[in-house]
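You will see two complexes here that share chain A, one where it goes with chain B and one where it goes with chain C.
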Partner chain A sequence: MFVTAFLFLSYGASPWQAYFTLFHEPFGTLRGFGYALVRTSPLSLIALGTIVSWRSGFAYLGFEGCFVLGASATSWLALLTAPGARVGPVPFFIFLPLAILFGFAAGGVWAGLVGLVRARLGGNEVLISLMSNYVAIFILQYLVSGPMRAPGSLPETRLLPRTTWLPFILPGTRAHAGILIAIAAAGLVWMLLQKMPLGYEMIVTGFNAAAARYAGMDVARRILLAAFFAGGLGGLAGTVEVLGSQHRLMDGISGGVGFVGIVVALLARLNPVAVIPTALLYGGMSVGADAMQRRANIPSSITFILQSLAVLLVLAFDALRYYKINFPGFSPRTPPPVADEVSK
Partner chain B sequence: MKHTLEMKNIVKRFPGVLANNNVNFTVQAGEIHALLGENGAGKSTLMQILYGFHAMDSGEILIDGERVHLGSPKDAIALGIGMVHQEFMLVRRFSVVENTVLGLRERGALLDLPRASEKLKDLSNRHGLALDPAAEVGSLPIGVQQRVEILKLLYRDARLLILDEPTAVLTPQEKDQLFAVLRKLREDGRSVVLVTHKLNEIMEIADRVTVMRDGQVVATRTIGSTSGQELTRLMVGREVNLRADKSNQKPGAPVLQIENLRVQDETGHEKVRGLSLEVHAGEILGIAGVDGNGQSELAGAILHLREIQSGRVLLNGADVTRLSVAQHRSAGISYVPADRRHVGSVTEMSVADNAILGLQRKYTRGLFRGIREARESALGLVARFGIRTTGIDFAAGKLSGGNLQKLILGREIMRGSAALVVEHPTRGLDVGAVEAVWGELLRARQEGKAILLISAELEELLNLADRIAVMFEGRIMGVVDAAGASVEEIGFMMAGITPGSAPPAAGPAQEARHHENL
Partner chain C sequence: MSGSQFILSAFVVTWLTASLRLAGPVLLAALGETFAEQSGVLNIGIEGTILLGALTSFLVSYYTGMIWLSLLAAIFAGIAANIFLAWMYVTVRASQVVAGLVFNVLAVGVASVVYRKALGNSAVPESIAMFHPLHIPFLSNLSGIGPVLFGQTILFYLTIALAFAAHFVLFHTNFGLALRASGENPAAADSAGISVYRMRYAGTLISGAAAGMAGGYLVLAQVGLFRESIVSGQGFIALAIVIFGRWNPLKATVAAMVFGACDALQLSLQIFGTRVPPQILLALPYVVTILAISGLFGGKAVQPAALMAPYVKD
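Moving on, here comes the complex of A and B:
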């Protein structure tokens, strides 16, 4: 924070003023808070996906791809229910579970493919998942400029029918029910990892695959399942974004949220309970950054620097915890008794 | 010739632990000095300071009365200090001579292998270390690889050789050869520091012994003026009776039967070659053998952790060969793997979570984990097996080796399986923990479990097992009754010499059997 304060100064702005705007906008105004919630929902879902996969030892990085495919599948489903389309209007309480299922399945199968490569062929999931993002984004570009393109100049679909939109939950803001889905998902992920034998097996697999195999767990299947859940959550993020916020599918809809979500998960130290607050802080800061840019004329990229510094500090603290400063020659005269275990 | 090493008031602190507390240690020229202590007593730390791996916090090191600085192993080598690590530091694909000159730059950028070979041959003849300089290291037996390590040091003209647990991987015969080499080095005026916790070896070869406990030197004795009992007491801090009292009992029906098993390792080499065994209820069948002769592949295959090429595994008469690991476990085979930190437990997770490893589907309530029941069973395990831990939420990786082993062994015993496969249960454990693990294994035997005990420690097998099968290159060389077995006979079989073709001294196994104590 102090470091960034100097960056503010270099733009001739008061750091206090800048920080005030950065946090006042998202957490001090109703409108800004609504926007913060809008950004929080997909971030949390992707962070939850990251937690499921990473704690199972599957270093998945393909959430951008899951996100756009989840968004695409949901949009396709929503457009089918437009008046005059093949299916026609469907009551929302039937549409929503279907949309969630579609988004989840689209992302899940996509990530599951990467899981399959890793589990059966031993490929490197970091590389493959990263590359799979590009494939998914090209699929999206094809869809919005080809079969699903709306008449007009922009590569995007028609506006989705109003009956398929997620309800707004705070009057006077853009906040939608996606945040409720995210909170429910956080609860489910917590339950899976902490309370269910399947989650226990996934965590054991993540820590130590040899021990998992020894204990009779099917490691390949656990990894596959983790990939499916993780991708599903990523796809769900796309569902929420397209039904709650964008209301249409377009090129560039993800805007890097698939990577920021991973960062949120790391900041939350892969703890599902901490995900929602962390994502809210992160989403809020990006809303504040936009406001800051408008008012104080400071580039919003400064906030990005602040966020990156926060991640680095969190990660660095992990390393620093294991070091203590030692002053040679200052060892006490009467040393404490030796502990049971000495590294041999 | 006077060449002495003195380490004075060495203090070394690791985070949270005082590994060396004012240690004084002296080695004279031409002596074999044993450094004895339990795991964690600080002997490895002391030697690593001497070899320049760790910087000491305070203290001084003198060679011939002159103060020296050891900032890195390079300094140590320059001062004539060499170390043979427990894990050999050899490039397996290189020849002996290539390994020897590795890191040396005798002639700048030029590599003169023929000249180095000559020097090496000369050295090996002088010290009685028969060795072919052109042989590929990976193809040599472990005992010979160890010779390469020693030759490497002699090539650099080391005056002081540190050997860390050198006999852990050797057959009894290889051990004798090593000791002969060490005696030659002593005659040559060189000094040897032998880091070990095997008392009988110290009594056999060392001139003096320094005993460490809890980071401090407890005593230094000349071998003539001490006894194994005194050393044990000094090392452990109390009287220990390391003789297992095995009750007499008649083994029951065969529980675990292995028929003509063939198993390959990861690289496709056949490691178990048509092996058949039978373990009865209430019996401990020991598997002796030098590491790497297929023992761990055998254990893995019994549980189907490894692919089985052919053969059958029967449990109480039922074929379980092709069942999954989980099915093996629920059918009634428990397994204590050799690597307790990387296979037998998840070190990052708590003691409670480790106590249900492999049982996670048993402790359930509907869809959810039965966390309270699991915790209760963990508490029971801690109490029943005397596991020293600050609590069951403590990370299992922070337990000492002995306590972690008790946790794993306890978990596998309490499953109530009919058969128990145990691999190297006391490797690296100190005397107190060995005592406890032995006791538990014998208790399980009394309860009528069929136990397959794989171990490289003959003493352990002779104490615990009812019968000992010796494994060599994937086959059983012979099975002997532990009660009448001789170390020599087992040793020959470990080296691949069948009882019939053994030299006359050993005699055919069935007729004349040596009765010899360790």
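Moving on, here comes the complex of A and C:
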């Protein structure tokens, strides 16, 4: 906060004014709040995916790939229902569940493959999932420049039929029903991890795979399921983005959201309940930053510095807080389990 | 020589020249990353470090016009940035993956703010003094292979020399042995009197210096100006090259050439207008890398055993 305040000063703007714009635009104006909600939905879905996989001990980083594949699968389905296409118009209440299924399955299978490699062959999921992002992005580039390309100079598909768009939920804004899907997903992930035996077994697997195996759990299958759910949520983020906000498939649709979502999950301390507010804060700040750039000519990338410094400081303090200082008479505290999980 | 033969040989010469040209900066970054990973640190922050190196060399060259000084400045910028990263990885013991990823975002923010601050909001990117391809008398004029092997910039030859030097240091010196021990079995290294922390700091700083220099290479020998999108994933490609090259500098050199060749072939094929989708060629190196580390071919045994595991001294 202080560092960026100095940065604002260097632009001849008062820091108070800048911070005011940064938060007033997304949270004080209806239009800005709508845009903030638009950015929140995919971010929180990816953050939820991160929570499912990382708490199960599967350090998946391939959400960019799941996102673009989920978006691709959904767009393909939506274009099939265009008037005059092979299937023709379909009522929205039939289309939406199908689209969710498609997006979820596309991301889930993609991540599930990495899960399979980890569970059966012991390959390293961090590196493999990082590499798989590129393969997925090339698949997207192939689709939008080849089979799914619309006539025109840009590599993108046709506009999706209006009947497939997610409804706008706040009059006068761009906010769409994707946020409701994200909230529902947060509830389901919370249920899975806190209330269901399966979720408990997944967390135990993440904590200590050997103990889980000793207790009779099928560790390989738990990892595979975690990968599938996580990737599915990532794919769903793509579905929401393409049906709610972009309304067509194009190259560069993800814009790094797959990585920012991971950061949001970490800021939310891998807690599904905290994900939506954190993502709203994060999405809101990027909306405010754009407004700041328009009005005060302060580059919006300043918020990159603000956001990443915040995460790095949280990380550093998390670790340093449990630095062993042994006072006589005090028993040393044990490090929190979360740090251990994340570092796997 | 008939017409079609002439076109073919021109195609091959352009293709190979471009392959080597594209391979240079990523190879340099990959060589440094090999040291970090051999010491047990997965430094994902090289993507951001390359960007900072590129910015530094651009600004220094813009204001002074001295290209060697700019390259040196880029190296120092890389080291400075990685002192912070090494502190996060080794001393704080934060998750290496998270710290690296977030650092990359930070680097994008810093680079774009500093760039605009330094040059104002002038829309026209300005070109700067650059390294030029060498013309070695006689050798450069050899038909076919001459321009490919002997028409690169001096940085390319420097990089190749560094690859051999890196191989020597890693596998034939005490320092290299200590470094690899810290990444393979830190507890054993510690009891043998090696400071694991110091080795991991060294590995991370070497990768920072190399990544900063790679940024300078990009700006000073290839692009000639700075854009925020100049790096666009080359740091991650360097990670792939390290794996593909099985954590060995000489094999990484070959791997970098393969990546460069696929990239260049894709460019040439687009110019010649074939029907092969360029994405297949672009994706190929990644698919091969994934297969190489999947464990299908026993790649697991080659990876430094303590990679990504923070070390706590008891």
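FYI, the second predicted complex is superposed on the first by the 322 of 344 C-alpha atoms of A that agree within 3 Å, B and C clash if a C-alpha of one lies under 4 Å from a C-alpha of the other, contacts with A are read in each partner's own complex, and residues count from 1 in each chain.
Assume a contact is a pair of C-beta atoms (placed from the backbone, for glycine too) under 8 Å apart; a residue touches a chain by one contact, two chains touch by 3 or more.
Please read all numbers here as calculations on a predicted model, not as lab measurements.
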{"item": "Contacts of A:R213 with chain B and chain C, given as first, second, both or neither", "value": "first"}
{"item": "Chain B versus chain C as contact partner of A:G122, first or second or both or neither", "value": "second"}
{"item": "Chain B versus chain C as contact partner of A:E201, first or second or both or neither", "value": "first"}
{"item": "Partner, of chain C and chain B, that touches more residues belonging to chain A", "value": "C"}
{"item": "First (chain B), second (chain C), both or neither touched by A:W16", "value": "neither"}
{"item": "Chain B and chain C contact sites that coincide on chain A, given as residue numbers", "value": "339, 342-344"}
{"item": "Sites on chain B touched by chain A in the complex", "value": "11, 13-19, 21, 39-42, 44-45, 57-58, 214-215, 303, 305, 324-329, 335, 337, 339, 342-349, 353, 356-358, 360-361, 363-364, 367-369, 371, 388, 398-400, 428"}
{"item": "Chain C-touching residues of chain A, taken from the complex the two chains share", "value": "7, 10, 59, 61, 117, 121-124, 126-128, 130-132, 134-135, 138-139, 141-142, 145-146, 259-260, 262-263, 266, 297, 299, 301-309, 311-312, 315-316, 318-320, 339, 342-344"}
{"item": "Footprint of chain B on chain A - complex, ascending", "value": "191, 195-197, 200-201, 203-204, 207-208, 210-211, 213-218, 322, 324, 326, 328-329, 331, 335-344"}
{"item": "Chain C - residues contacting chain A, complex", "value": "42, 44, 88, 92-99, 101-103, 105-106, 108-110, 112-113, 116-117, 121, 228, 233, 236, 239-240, 243, 277, 279-280, 282-283, 286-287, 289-290, 293-296, 299-300, 303, 307-310"}
